[in-house]
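This is the structure, below, for whatever I ask next.
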Amino acid sequence: MMRRDDDAIISLVSRTVSPFIMIFALYVIFHGHYSPGGGFQGGTMLAAALILVRLAAGSDLAQLQFPRSWGTPLGSAGVLIYWGTGFVSMLCGGNFLNYAFLPVSGPPPHHRNLGILFIEVGVGLAVMGILTAIYDDLLEGRPHD
Amino acid sequence: MHWELEVVLFVFLVGAALVALESRNLLTAVVSLSVFSFLSALLYAAMGAVDVGFTEAVVGGGVSGILFVVTIFRTSRKSKD
Amino acid sequence: MTWIWNNSPALPVVLLLPTAIAIPLFALIERRLARWLALAVSLTTVGLSILNLVKALSLGPIHYHMGGWPPPIGIEYVLDPLSAFVLLVINTIGFLVLVHAKKVVDREIPESGKHVPYYAVAVLMLCGFNGIVVTGDFFNLYVWLEIASLSLYGLIAVGSRKAPVAAIRYLILGTIGACFYLLGLGFLFTMTGTLNMADLKAILPAVGHEPAVVIGLGLIVAGMGLKMALFPLHGWLPDSYTYAPSSSSALIAPIGTKVGAYVLIRVLFFIFGTAYVSRTIPVTTVIGWLAAAGILYGSIMAMAQTELKRMLAYSSIAQVGYIGLGIGLANPLGLIGAVLHLMNHAAMKALLFLVAGNFRTILGHSNIARLDGSTRRRMPWTTAAFAVGALSMIGIPPLAGFFSKWYLALGAVAKKQWIFLAVILLSSLLNAVYFFRVIERIYFARAESSAAEPRTEASASMLVPVLVLAAALIGLGVLNAFIVKGVIGKIVTSAMF
Amino acid sequence: MKAVNYAVLALFGAVLILAGLSLPDRGDPTAPLNRDKSAAGTPNAPSYYIRNPERDAATPNMVTVILADYRGFDTMGEETVILTAGLNCFLILRRERTKEKRR
Amino acid sequence: MTKFLLGHYGYWFVFLLMTLGFYGMVVKKNLVKKLIGMNIFQVAIIMFYLSSAGKWKATIPIVDPAIGTAGTARYIDPLQHCLMLTAIVVGVATSGVAYALLITIYKRFGTLHEDELIERMKNDLDME
């Protein structure tokens, strides 16, 4: 952000909390079938954890954790996972996004369950990558340099 | 759905919205907007929409607020109305 | 082959989306791939839309269930003659503009790092518009509308220095429009309990008298009016078109506003039905009068402009007014006029904005006062194409622009709306005044420097789309009876008159 | 100009109140939203969504199933919206880093 | 009367918030204030959908084995929740683009007040 004073407490707390937010975010993504939550919430929390470190340690130091150039590619990959799940079911004879045609074993409800999991992961990746990228872009070209 | 809880939250929401709109200091306005978002997340949960409440709490109270504050820091903090 | 045949309604959207993602990734390998990918995918969608049009005309409405769920439960894509027709218009114009874009983008966007995301966002915009046109679900329409609008804001904002201001004004007004749409949809949804268009149409007779439904329809019309720049809601348009890069204006002007018009036609005549929107509540009458006012306002403002692009922008307000007028007439002839003008205006405006882009690239400006005979000598083909486009805008008979006005006039006569007829005639006159001003400067003004200037015609990638569009204007005019009978006639018979 | 703005605002509020008067009661199980069949006799989507997610997708959270399966295409559009926003920020704000270094 | 009040009070609050947001968008001159109004408007629309979704004496839309899925009156409508999740994302995306535009505008013209912006644009020499 602007000028930053290195505060030991802020740095310590944010670095300690950030991994726990990430773990909880992963839980939210993968447990979305059974409880409130899902890809979008989890992805936003992952982005929040990354942004927290960026806020506390400064954008330059946080590059070690999550480089600036990863945001957009990861986000694109997330959308591609979503689209790919739909497209594979299209190639296997169903309509677009018809998970019952996914080439996995088991009865159709199981296919759909798995399909939902795939796209939740895609959504999570996409949201995490792109929100972080937006944050980085907003900070690009700081006034003082 | 519990109407007593909802009415209280609605009143707070209107207050937060007014502060956000009328404050001359944009930072106050933005923080007030975050409060607004968080209260609305509570309201969604009170209405039974836990998923939406969760999302709004994470997005409105968290990431969107941060992005807005970043914007304020990159631009100006004062407003004439 | 059968796979393509079965999935053709969904394929344009399904193919455009991953291309938009692939463009930045492939551009890491080779910068020039970005443009070629965009061109390839938009050419593919043109082919698919031709297939879709043939399919919709021969087999009747085609329903494609996303995820295999039947309509009230899942989202369905519907291809009927109207959506297939608009799809073809949009994709063809998009392809031609993208072919033209290279030099303009090179010149008008200074940072070369922005070219790659520019193409990606342009493809996303096409994807959004394709989605809007084919979808049969109101909420899905909102989602694609947002994609298209967000891309438009970005495409405008990379223009000249003042472009971001125009973009944020467009963003705020556009978001108001989208919010109105969502709110109106909320009212409709709360009253009927469905989001599917066909389902809503079946339920409406039971609840049509409720104020909430009427107001929901009003809010949707207001939101779409904002998106298509209907007269009192046009505030965002002139600045956006002027300051955006020429290739963006050439994408937005023909496509962006037309999609708003398409949604209005779809909602008013295909879901609520003519009897409801013209007799139970007078929505179309209001639209008609506003459109008439917009035609006069746009034409008069266009006469006062000295900048070619700004003049074209005001002329767009007037031309969108014609479509609104056709909607306002609410009779079959008026609808024929509106749909025909949707296509003709898309071709004409694309042509004129591309010519403005050529002027800017070759001459470095597009100021009307500085165009003169030397412009004609330097760029004979471009100026000839401009003349064709301008004559078509005025409505000289063998060209396409004449026929849509002709059907609108017939519709006004059939409805005995003499004022609308007078507005159409008067505005043709005004069109003639402001376009002849430009043609006069190009063809009859003497060049300031008498020295013979070398011919510096635009390069092939910029010239071919312009010439194709000019030829298309002549062709559409000549084949007009065929199009009206073969395609638009089927659209009108499927509407609820 | 200011007066016009306030007039638009008043009109908007009045229209909303008028519409609100005819809306069905909140939380009424017999409102058109919550019936099993719509007025035209077509099946009503929300009640289908409540009854069948476990049978169709073996997932108890109805919102997840609707979001990802029944109306999955909406969600793909939503992801595309986010992607569009990201690419737009890229387009509007990002400058080329290699060039800056060379300067 | 009580039934009407109990069934509609939520709508009045929501409409009040909507009007507040719309007021911010059309009356306020500062662009940041306009964006704040936009956010409030969007949140109010989300609330409108959710208030129409609720049912008295119903539980959250996650299948509870103790209730079963035979009676739809025991669960809150899940469809609006799903729609509004999408709407929230759309709102965030719109705001993201708007922030980017605000930063660019401030860098170029040094103000976010609409009247001043028009004034400075007039004096700007870039004639395009």
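Lettered A, B, C, D and E in written order, each chain numbered from 1.
Criterion: a residue touches a chain if its C-beta (ideal position, glycine included) is under 8 Å from a C-beta of that chain, and two chains touch if they have at least 3 such contacts.
Being a predicted model, the structure only gives us computed values, none of them experimental.
Think of each touching pair as a link: the shortest run of links from chain C to chain E has 1 of them. The pair with more inter-chain C-beta contacts, choosing from A-D and B-E, is B-E.
Our note on geometry: chain A versus chain B, Cα centroid distance of 24 Å, whole angstroms. Centroids built from CA atoms put chain E at 11 Å from chain D. Mean C-alpha positions place chain B and chain D at a centre distance of 19 Å. In this assembly, the C-alpha centroid of chain A lies 36 Å from the C-alpha centroid of chain C. Touching two or more other chains at once are residues 17, 21, 24, 66-67, 139, 143, 146, 150, 153-154, 157, 164, 189-190 of chain C.
Among the residues of chain D, those in touch with two or more other chains are 16, 20-21, 23-24, 26-27, 33-34, 45-46, 49, 60-61, 63-64, 67, 69, 71-78, 80-90, 92-95.
Of all residues in chain B, those touching 2 or more other chains are 1, 50-51, 55, 59, 63, 67, 70-71, 74, listed in ascending order.
On the chain D side of its complex with chain A, the touching residues are 55-61, 63-65, 67-69, 72-73, 75-76, 78-80, 82-83, 85-87, 89-90, 93-95. Here chain E touches chain A in the complex through residues 60, 62, 85, 89, 92, 96, 99-100, 103, going by the rule given at the top.
Touching chain B in their complex are the following residues of chain A: 1-2, 36-38, 40-41, 44-45, 47-48, 51, 55, 131, 134-135, 138-139, 143.
Touching chain B in their complex are the following residues of chain E: 6, 9-10, 13, 16-17, 20-21, 23-24, 28-30, 32-33, 35-37, 39-40, 43, 46-47, 50-51, 53-56, 58-61, 76, 80-81, 84-85, 88-89, 92, 95-96, 99, 102-103, 106, 111-113. Put simply, chain B touches chain A in their complex at residues 50-51, 54-55, 58-59, 62-63, 66-67, 70-71, 73-74.
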